[in-house]
Structures are given as C-alpha cells and as structure tokens.
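In order of appearance the chains are A, B, C, D and E, and numbering begins at 1 in each one.
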Amino acid sequence: SAGEGGTSTDTASSTDTLKIGVLEDQSGNFALVGDPKAKASMLAIEEINANGGIDGKQIETFQRDPQSDNQRYQELTRTAINEENVDALWAGYSSATREAIRPIIDRNEQLYFYTTQYEGGVCDEFTFAVGPTARQQLGIVLPYLVEEFGPDIYTIAADYNFGQLSADWVKVLANENDANVLGEEFIPLSESSFGSTINRIQEADPDFVMSMLVGANHTSFYEQKASAGLDIPIGTSTAMAQGYEHRRLDPPAMANIYAGVNYMEEVPTESNTGDGGFVDRYFEMYPDAPYLNEEAETNYFSTYMYKKAVEQAGTTEQPEVIDALESGIELGTEEAPEAPEGETIRLDGATHHVDHHMWIMRADEEHNIEAVENRQIPETFLSETAGCNLPENPEQTQYTPVDYYEEAE
Amino acid sequence: MSDTETESDIDPLGPNVRQTAAELATGDRTETLLQTDGLVKQFGGFTATDDVDFSVAEGELRCLIGPNGAGKSTLLNLITGTYEASDGSIYYNGHDITDLEPHERVSRGISMKFQVPSVYGDLSVRENVRLPVQQFADGEERRRLVAEAIGAAGLTGYEDVEAGQLSHGQQQQLEIGMAAALEPDLLLLDEPVAGLDVGEREAIAERIRRLNEEKGIAFIVIEHDTDFVASIAEEVTVLHNGEVFREGAIAEIESDPEVQRIYLGGES
Amino acid sequence: MLELDDVSAAYDTTPILRDVDLSVEEGEIVGVMGKNGVGKTTLLKTVMGLLESSEGTIRYDGVDVTHASADERARAGIGYIPQGRDVFPKLTVEQNIKMGETIRSDSDETLYDQIYDYFPVLEERASQEAGTLSGGQQQMLAIGRALVSNPDLLLLDEPSEGIQPSIVDQISQDMQTINADLGTTILFVEQNLGVIREMADRCYAMERGTVVDELGPSTIADEDAIAEYLAV
Amino acid sequence: MVNGINLALQFLDSFAFIVLAAAGLAIIFGIMGVINLAHGEFILIGAYTATLAVTQLGLPLVVAMLVGGLVTGLFGILTERVIISGAWPNYVSQRTLGRDIIEPLYDRLADSMVATFGLSLILTQGARIRFGNSIDQIATPFGAISYGEFSYSSYRIVLAGVSIGLLLVTYYLFTRTDFGMRARATIQDKQTAQAMGVNTDRMYMLTFGIGSSLAGLTGALFAPVISMQPTLGDQFLVEAFVAVVVGGPSVVLGTALSGGVLGAILATFSNLYGTFIGRIALLVAALIALRFLPNGITGFIDQLRKRRQESD
Amino acid sequence: MARNSANGEANRSLPGRLRSRFEGPNTIGESRGFWGGFAAAVAALAVYPAFGDSSQLSLFMVLALLGLSLSVVWGYSGVLSFGQVVFFGIGAYTFGVVSINFATPGGITAAVVAGIVGGGLSAAILGYFMFYGGVRDVYVTIITLVSTIVLHTFMAQTAGSEWAIGEAALGGFNGMPDIPLLTLGVGGLSYQFIYNPFPMRVIGIGAFEISPFYYLVLVLLVGTYLALRALVNSDYGRVMVAVREDEDRTEMFGYNVTRVKFVVFTLGGALAGLSGVLYAARNVYIDPTVFSLLFATLPVIWVSIGGRKSLLGAVVATLAIEYLRISMAGELALVLLGTLLLVTILVLPSGLVPWLHEQIVATRLGPGEAGGADTPDAPSEVSD
C-alpha cells in the first residue's frame, strides 16, 4: 500500500458502489467559493443515488477540507488516490491548486475534474477542465464594455498564474477588439488595502476596469473603491458569480459591475430559477446556504457528465470512462441549468473542455442582477489555436497566450 | 588546568591560553596586575565613576569600600567589561583591555561574582559548577574539581538540587564557588557575604584567604561588613562620589574621621 | 497583634516551615534569627500571605487572616520589605514610593518628608528608574516604600543587607523612632548582630523550618549568646 | 507624478491601520508579556459584533462599534481568567483536586503563543460554523472627498483621527493614573505588588481586558471596509507585531512612533511603486530598524536622551 | 541504584561508554529500559510500511527534522526562532532551483547539498546580522518572524515569467511543480529514492512495496536525533544550555555567547534546510505556504507541546500533531485541534514527553522513591 506511482486501476469497480473524491475548500481564503462547490457535488450525488445510482451503483464519497492550502491538497489527493481508491476526483478552486496536484493526478493516471472558471490552456489526458476559460468569460464581457464605454482598460488581477494569464488574455482580447490596456496591477492574495490601487486607477482614468481579483481578502476592493467614490464600470470574471459580493456588500458598492460567467444563481433560465429548478433543489438540501455560485453549477453538471460516461462505458474503469467522456458528452438544461431551454452544453472530447453558454450579468444600484447578454461561446484556444487533441495526442501541458500572441508578451 | 592540554585541543569556546594563577603564585608578586587609568563612567547626566586611577598587584587582596552609590559596583563592572567605559583605559597584565568583550577578559583571567546572585536557577548545583570547570579539565580531574568546588562552597549534599531552590545565602555561596572554580588570576567579589550568617562569613573569609595565599589569586572585594573586611585585607581603597577618596592600611582608614563621617558613622 | 499557631508552609510539595508558633505584641520589635536556609524568609512570606500556609492559623489584629490574600493583608496594614530589594525596576523611584502610598487611604503626606529625611538620595533620584540604583540605594528605596504606607505591622527581611555601616546604624535608630512615634510593630529578620542587639525587644531563633527558642532582652544583650545561635 | 494629497492621505490611512492593528497587541504583549496569536480573532470578534449589531439589531453605527469593543473586552477578560491566568479552572481544581491545574501563561512567551494559537483556531472555526463563510457587510459612512481627478473615502480620514484619540487615552491611562502604575508594577513583580496591596489578579484581568477591547474596537472600526469573513483578523497580524516591536519598550508612545515611521514608508512606497513594493519596504524597514535599534524606537530615543545629558 | 560517579568510567562496559555519549542531564531517558524502548520504536518504524501509509509517515518524519532544528536552537540554546521555516523554505527552493537546472543524478545530489548549505548560510547571515548586532530575546523572535513574512510576501508574488532562475520558474503562489525526482549518486552509481517502489515479499505478511524514500528519511531522522543527543550532552551542549539559562552569566565564565548562538543558529538552519530539501523532494513541489504564518507557527507548537527541553519530545509531538492535522476531518476538526493544543500546553507546561517520562519514572520507582535519582543505573556524572 506504500508505493506511489503505480496506476490505481485497482478500484472499487467490482463492487456495487463507486467512490468519488471531493476536495473543496471549506475554510481558508477560498472557503467562500469552495463551500458551494462541495455542496453542489453532494446535491448531484444525492440526486443520482436517489434515482438508482450510476448503472445501479450507489456513489460513496471521500470528502475532506484542504483549507485553501496547496500542500494539504497534495496530501489529500494522495490519500484519495492511494488509500481511498476513488474512481473520479473533483478537487480544488484555484489554478495554483490544480497545478500543485496535477503531477500527482498524472502520475497515478487518475480521472480528475477541475471545475473552476480559469485562465484556460490545460491540455491534459487525465484532467477535465470543465469550467469556463478566460477566453470564454472575458470574450463575452470585454467586447461589450468596449462597445458601451470606450476602449481604455485598466487591469487589476490576483498575483498568481490565474491572474497573470487572465491579464494576458485581456491584452489579447483588447487587441482583437481595438481597445488598449492603459495599465495593469497584480495584487498579492494576502492584500486587502486598496487605497493606492484606487489612486492609480484614478490617475490612469480608463473607460472601464477589468478585475480578476480572487479570494476573501480581495473582496475588500469593491467596498473600498465605492467608499472612495471611484465610480467606474468594471468587467470581471471573478466577482459576484463566485463570492456573491452583491449579496454581502451594502448597495451600491457593486453597481455597474459586469460579470462574464457561465452561471450564477440569478441566471434566468427556467431550469435554474423556475419552480423545482436547480436553485430550489439546492436550497431545499441546504436551507442555510448563502448562495449558489458559478463553480457549484460546474461541479453539479460535471457529476452528471461523469454519470453519463460511466453508463456509456459500462464500467468504472478509468481508461474506459475517459474514452467515453472523450466521445463528447452533451447535457441538456435540466442537468446544466446555465443553458436556456432547448440548448445544450457539450464536453469537447479533443480538449476536455466545455463549450459553455455564457452570460453577461450586471448589478444595478440596488444590487439587482440582470442578464445583459448571453450566447454560446465554444472553447477555441486549445482546439483552434494550440491544436490540442488528447485522444490522438495524449499530453499533460498547459498552453499560455504568450506562446501564440505577441500582444500578450 | 590539565597539563595534557595543548594548543590544538583548546576548546575554541574556552579561555585559558594563559598562565595559571598557581604558576604565578610561585613567581614574582610585585608586578601590577590591573591598572585603571582615568576611568570615567557616566549614566545619562550622572557620573558614577570619575577619573578613577586604581591598581591591584599580582596576588594582592584588596578591599573596596565606600558609601552606597559610591561607584564600587560600577568600577567592577567596568573592569569585567559589563559596562563600557565613557572615558579612560584599563590595563591588565600590561595589555590594554578597555575594548575587549567580557568573555575575552575572562579568558585572560578575570572572574567576577555579581552583587545580586545570578546562578542558573533551573540547573543543578553540579551543572552550575561544571560549567566553569569544563573549560580546562577533563574526565577524572574534572570530576574531582567539581566536587572540590562544591565542597569548598559548603554545598556538599546539594549537588542535585536546582540552584534556584537554594536559599539566598546558599546562592551566594554557590556564586563564589563558581567564580573561584574558574581559577582566575583576579577574582572580583561584589558583596560576597551580604546576607550570610556568621558561620558562613567566617568560612568565606577563610576561603578567600586560602585562595589568595595558596593559589596566588588576586582579589578585589567589595563589602560593607567592616569586620569581614578587616579579617581578610590589609589594604583598602575607599571610593566616594565616584572618586578614590582614601587608600591605605585598614586600621588607618578605619580611624580616619572623614571616612567615619561619610561611611562608617557612629562611634569611632 | 500577630499570632502564628502551628503554622506549616511549603513550596509546591517541598515542606519548609513546620509547626511555627510565634506571637508579636502591639508596639513590639521582634527579631528572627537563624542560619542561612532555615526558613526565615519563608516565615515572613507566609505572614505576608505570599505563600499560603498548609496548616495552622495566622491571626492579625485578632482576625483570622490565614486565608486572606497578600493584598488584603497589605491593605489591612501589614507592610513588607522583601529580601534582595525587590523594587519595581522599570518604575521611577518616585513611582515606587507612590506604590507604597496607594495601599492605604490613611497614609499621610508628611511621611514623604520623613522618608526623604532618612534617605536624601531618594529625593535626589526621584525620577531615576529604580533598577539603576546601586544595591544599597535600592534597599533604602524598599524601606522607604514600605514606610510610606504607614503600616501597623512592618515585616523586614534583612534590612541592613548591603547598606553602608553609618546608615545601618541610622536605620536601627530610625526603626526605633518609628516604633516609638507611630506605634509601628516590627518583625524583622537579621544576620547583623549589631542590628539585632540594637533593635530587638525579643528574638526568635529558627532552625530547620521551625522556631527553636525565644530570647529575652537579657540574652540579646549578651553578644556571645546570640553568636551561638548564628554560628556554626 | 506624485500627488502630494494622495500621499498625505495614504499616509494617514497607513498610520491609522498600523496603529489600530497594533494597539491591543501592544498592551497585551508590551505590558503583559503575552504573545497573543489570537489577536486577529479578537479583532474578528469586534468586527462581527459591530456588524451584527447594525444588521441584526439595527443599532446606530457608532453605538455598534462601541458594543464591538466592549464585547471583545469582556471576552478578553474571560480569556484571561480561564486561559492566561487559569484563575477559574484553578479555583475549581483547588476545591476538587486540592491543587492548581494551570500554570499562568504570564512570562511564558512561547507557551502563551501555543495557547493563543489554539484559541485562534477555535475562534476562527467557531465563527465559521456559527456564521458561515461570511456575513453581510455594512456600508462605509461619510462618503468621499474629491480633489482634482482623485477622490478618497472620508471615513479613512476619520479613522486616522480616532487612532490618535485612542493613543492619547491609552497613554494617559497607563502612564498618568494610579491604575496604570499599579498595572505596570504588577507585571514587573507580582509578589511585591501584592505586598504593596495591589490586587494583582484584578490588574491582570483589567489590563488584558483593555488590550482586548482595543483589538475589538479596531475590528469594529474596520468592519465597513474589509471583507467580513472568519479569517479577517489575519490581515492585521503582520503590521501589529512589527509595529509593537519596532515601537520598543514604551508601549503607547512606541506604537504611535512606529505607526508614523512605518506608515510613512508604506504609504510612500505603495504610492510610488505599488502595493507589493510598499509591503516589502515596510517589512525590510522593520528588519533594519530592529537590527540597528534593538530596543525599538523608544529605546533609541531613551538612549539619545541619555547621550545628550552626558555631553551636557 | 548504581551511582557510579565514584568508580568512574574506567570500569564501564563498552556499550556503557558508548551510551554515555548520548546521556546526560540535558536529555531524558538513560535507563536500559529507555534504550530498549528506543530500539523497539525504531524497529517498529522500520516494519511499519508493511502495515500502514508510509508515504504520510515519511512526511511527518521530514517535518520532525524541522522540529528538531527548533528544539536545538530554542529548547537548548534559548533562541526562540520563528524563522526555522525560512531556512526550511530556502533549503527547499534551493533544492528545487538547482535540481531543475541540473536534472542529472549528480546535479540532484548537488542540489541536496546546496539546499542544506542554503539553509545554513541563510541562517548564518541572519544570525550574524542579529547576534553580532546585539539583538536579543524577543527581538530575535520578531526579526525571524518578520523574515518569514518578508519571504512569504516576496515568494507569493513571483508568479510572473520574469521570476525565473535559469530553467526554474519560482512560480509565486503556484509554487514550483517540476522538481525532478530525488536521485542520489553520480552517473551510473545512483539511486532514485522517490517513486521507485521496492517490491518486498515477507512470509507471513505477503507482498508489498516499500518506498526507499521512507527509509532514507528514517535513517536521517534517527541519525540526527542521536547526533543531537550527543551534542547537547557534550561540553558544548552544556554551554548552549547555560546560554539559554543566563547569557550574561555565561559570558562571565569566558564563553563567547554571541558565537555560541551564531553557531547553533547556523546549525539549526542547515538542519531545517535538510528538512526542506526532503520536503520538496518528497512532494516534488514547493510553494510559498511554507513561509506562511501558520506554517511558521507549527514548529513552535510541536516543540512546545512535545517539551521544549526534549529532543525526543520534538519528534514525538511533530509526528502526533501532523498526523492529527491531516486526519481529523469534519467541521469540528480545527476546533478540536485548537482545544487539544490549548489544554495540553496549559496542563503540561513542560511538555508531553517530559511529563510522560516523569510518570514512567514515578511508577517504576514506586511512590516515595520518585524524588531520588532520576533513573536507575544513570551515571550521575557523565563526561568524557
């Protein structure tokens, strides 16, 4: 039981249960976003179990709180794979977490779902990065803001791979939309005072700000900019849909913030907000939960994608399940409430990414949320630009915009 | 000091690249061991020692007396390097030691007992004594010296007691034992018998005389107990207001009316 | 005024005092003597309440104070001058004295002058940090600080330790003056024969944690008799 | 181009943040010798109490903030009695087992760290269990002031004023009153203070309570401007420790001075080179200060004063 | 109760003489029973991989080296360093940077050495800066704490591509994920310690795989423990303890207190560096969390809980606390852990292991005797 590095095909496949590992932050800097993820996974699992399980097998879970600590993630990932023999693993909010555990995942050939909106570019035979990518999120919100407010952008982003690469994407998209980035600032995750940042934004005087701030400490930015009287439109891939700042802060701190997201609790599809919809089911199971966020929905629908794949493969053997997933799973709005009635979202077998239905959600002075625009945006960076095709060419790479776009330098 | 010790196995921590006091004891005794030259120490605006010229010869036993606050402890602390001199110099064995670190002075043969006992409270009496001894003795000899030092301090039977649990007087005894265990050439004692009972006072007086006579250790002893002073020393220096006020034979000093006025008081 | 009845006390589990019986009448000056380590300091600490007695009763002014805390005893009028000059090193000389004054509401301003009279150096150094005083000066401060609270019973642990001879004489005389003028009762520990002879009306001798003898005025006057109790 | 007003305002901001972050810790560490690693959680208690007092009880903001300070002060007293001095557990154990079970944490620097670290885990997680991963926040009062192309939150300026006020009150309390003298005497030598009639138990309790309530007040004052979540206290810890130690032995004066010096460095470097450089500059300045002024700023001032007297 | 101070060492047996190097008033456990128990514990650890999760245990043992480094520096020399993780982290990052740039067996072996030297050197620099600058007591604690925070702040923002040393990107909050597998030796004469399971078949237990890394760490931990025991019971160790108890007094015995602190601090840094190297090697990853306040606090906690003046305590407490930290699950896990730490430190101020030792000695000697000699057949005077 000690050696690490062997493949773990030795799973519970022969029994009449299967085991899913769920490692999501329920304390620490990312708890606010991680907790709904864990809850939504449990909701999906409970629903599936209540409806007879996957291929007749009940789902067991191995769930732990890695406390927003990447070293702890590594340890728990090892435990999940080597000791608990999970058949599939959902783990991690931040991109740094994903990169910390991906080597362990790959070495053990473990089927892994990464469900956070992220910078994009991960082309990995064992990883299914099913959240929306920067190109999808910024791709819907940035052109809209350029159109509405003008071409001058100021970027503030969390100082780690997600923020750095997302900022690169802002530059790429600015270029594609004839806009220009006046300045950018990367902010350590531990920072919570934004006085000088606010001053610098005022000095640069952009038409709008792109904000990719992350985690509990960065939330303070929105209240601080509001009380400093900085009143400027903000586009974001991270605010509101993840940490529900529009519910936690007193209005009008979040007024005029535009989030490019595949999902948030307010997304106005029938299967989401309608009677007995996703929102109802979630709060029935967790009456005290504060919010149903973007990542939670991704955990939810990806659990159903896994279910479909196992049923299609007829086994929980991971290589077969991966093959089934790569055949291109599609989900309707019932299981993927982000999509409006009649639409589906599709897992792209070649890239292990999802062609999402994206929304621009805006908060008004009272913090009411309205959908300003929505459409399907396929993943294009990996499939078209980088040429990732995992079934043909298995690899474990993360492609970055610098490799393909001059302006991202 | 173990005679097997060679240059190479000298503990880099330890002192003792020096002649032993015992060796000196057999030699010429009249040379000046310690000399201060215009020593000044100021605390803020206050001058604690003022231009003090003071000297001790090899193997001499000198007492330092004077009113409270006269600067006696300050002078000793200057000699050990605990305080940095504001002005003036200190010579020891002909070398200027004014700028040396305290531990460097100790390794040249100066050892001191503080006015307030500061033994290692959490360590046993034996561990306390072993610390100075281990610098120059090993194995069987070390064991012997440690036992001897404890015995001489009157603490036989207390070897395994934590020093912090000794009474005030017992701690004083231990302090002296430790300072003497270093086998210094010059031993500075700040009020060695304060708080000791009559019996212990006599024992310590005897001890000081023996160390002085047999090992040739030179002493500077500060003490307010004049009987005690008279029992160990012939020569005394009186410090007053930070300056050397009188110097001379004990009988002379005791009958000096000025000294009586500022220090001894009462019936003369 | 003070009565100890079969009092025993221990540090943690190490018993030190055993069945001590002792009494001090109002207005008396009583000495305690004995060799190093016999438990004199422990006795005073137990009277002060810094160490709780494990057995026996302590009565002060007719009241059972066996279980009273030290600060309660202090406010009831017991003053204490610890051995080894426990002044507050980071407070100034003046603040140290003031600490004594705040004990009791009935302390009296003129005491200040009297204390500065005894120890002029304390007035000179009023704003110096007490920790930087010379040994003897600290001892004077400790005495001054206890006096300013105008205690009814004063406990002194080796008051002459580290003090220059002229002032030792002066302290013995001053204590007697205080005793006479203010009626302060005094219980003191000493190694200095001169001081014992000068001050004490009566004297207890201690050995190994207990009182072994009581010496009347005639014995005290006899130098050799005292020396016998203190010598080896 | 550096805008002078920006810099000045940022200085006020940094000054207030450092001073308020440090105030409670300065008392508990500087005066009592207890390293309170739960300092951040005391701030959390103040922040949550003030916020909930507004959102749940509808109290006016100022009252809610005072309540935040008060509740944290009471919690501090409880902590002191139960953990730091162990007085209550010992009272019980004396009567049941006939001996003390807890040795007070005063003067046990590292042990006080372990104990308060344990406490901080309990408090953070307790807050998470009880209130979730965040609570609704209150808005920042007083609006903003504008100058040229810039604007700034007026509340941040008010904070600077409050921090100076608190410093003055604390300074007066600990240096100019009988209470302060007794508290300091107690910490220097408990036994002797007892013999001087000081109820040392009460001194410990009150001093700890005052330190705690200052931490709570800090939390309450910052409640509108920081994110209300269980680890919010962490953001204050670094500045708090650095300021206290750079300040040196005179607790209150030291905190004020290090708030001034470190605040100036933080504001200038953040303003010129960004938040990250600002923070690094602050920390490096602290390291250098500690190395060259091992007794802190006030220790250094003391030394200077003595030098000057000597040369007179 | 053989107190053989009188008859000296001449007539001690060879194992007795050997043992005496590891015994003295500065460590607990001197009886034959203790050493028997010690051997049994080491043996148990050696066969543990057949029964349990040795991967996790190897992590705990790596951290125990970090705990030991603080025990020497603080527990024995009185320098409360909040910065052992600085040297740990520098060791880890140095190992990562060097091994990524020179990913050959020889290069990786050199990286291990570089990591240890990196830890020691950084401690030497910081130590020189502090001790020769007259910084003392709690100020040392805070300077080391601030150093930790500086590194945390700094390393957390090295996400940009400009932060790379040769091939090795520092990676900021992401950390360094591409550290090569630990391989010691040069050229053909090398052995890979990570991800190189060693198949074993033991009659009665069956077939299983063991990790060579686990045994590497076990040997290092036991070796380090014994070496430190010898150190603290040597003359030098006695001086360290004297420095801890009273610096000024020790200086007055002619010891160069500043240098003792400097040397011990450097040694502690190198040991922390070794621990960091092994940590990075085991995880094949290192990130700035090792410089976080939480992680910086852990060594202080291990050592306090285990017993500050006990090397064994540091090891035992590290293993126990880290095991609890990883295995406790559920909402209340942190509350329970906090309570446990709080109660332990309040009720057992001298630490777990010294307390256990007292209990054992007390039961063995029976009531009444407990106050006497600490353990049977303990030499009351151990010296060379």
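Worth pointing out:
The criterion applied here is as follows: contacts are C-beta pairs under 8 Å (C-beta built on N, C-alpha and C of every residue); 3 or more make two chains touch, one makes a residue touch a chain.
According to UniProt, the chain labels map to these proteins: B, C = ABC transporter ATP-binding protein; D = Urea ABC transporter, permease protein UrtB; E = Urea ABC transporter, permease protein UrtC.
This structure is a prediction, so every number in the text was calculated from the model and none was measured.
Common neighbours of subunit A and subunit E (chains touching each): D. Under the contact definition stated at the top, the chains bordering both subunit B and subunit D are C, E. Set side by side, the interfaces C-D and B-E show unequal numbers of C-beta pairs in contact, with more at B-E. On a Cα centroid basis, the chain most remote from subunit D in this structure is B.
In terms of their C-alpha centroids, the spacing between subunit A and subunit B amounts to 76 Å. Subunit A and subunit D have Cα centroids lying 38 Å from one another.
With centres taken as mean Cα positions, subunit C sits 30 Å from subunit B.
Within subunit A, the positions touching two or more other chains are listed as 26-27, 159, 186, 188, 190. Among the residues of subunit B, those touching two or more other chains are numbered 43. Counting partner chains per residue, subunit D has residues 124-125, 128, 234, 276, 279 touching two or more of them.
In this structure, the chains touch in the following pairs: A-D, A-E, B-C, B-D, B-E, C-D, D-E.
Contact residues of subunit B toward subunit D in the complex are 42-45, 86.
Touching subunit E in their complex are the following residues of subunit B: 11, 13-16, 80, 82, 101-104, 106-107, 111-112, 114, 118-124, 126-127, 130-132, 134-135, 138-140, 142-143, 146, 159-160, 178, 182. Across the complex, subunit E is touched by residues 1-6, 26-27, 64-65, 69-72, 74-76, 78-79, 82-83, 94-96, 99-100, 102-103, 107, 159-161, 163-164, 186, 188-190, 402 of subunit A.
Within the complex, the subunit D residues that touch subunit C are 178, 181-182, 184-185, 188-189, 191-200, 249. Residues 37, 83, 86, 89, 101-103, 105, 108-111, 113-115, 117-122, 124-126, 128-129, 234, 237-238, 241-242, 245, 276, 279-280, 283-284, 286-287, 290-292, 294-295 of subunit D are the ones touching subunit E in the complex.
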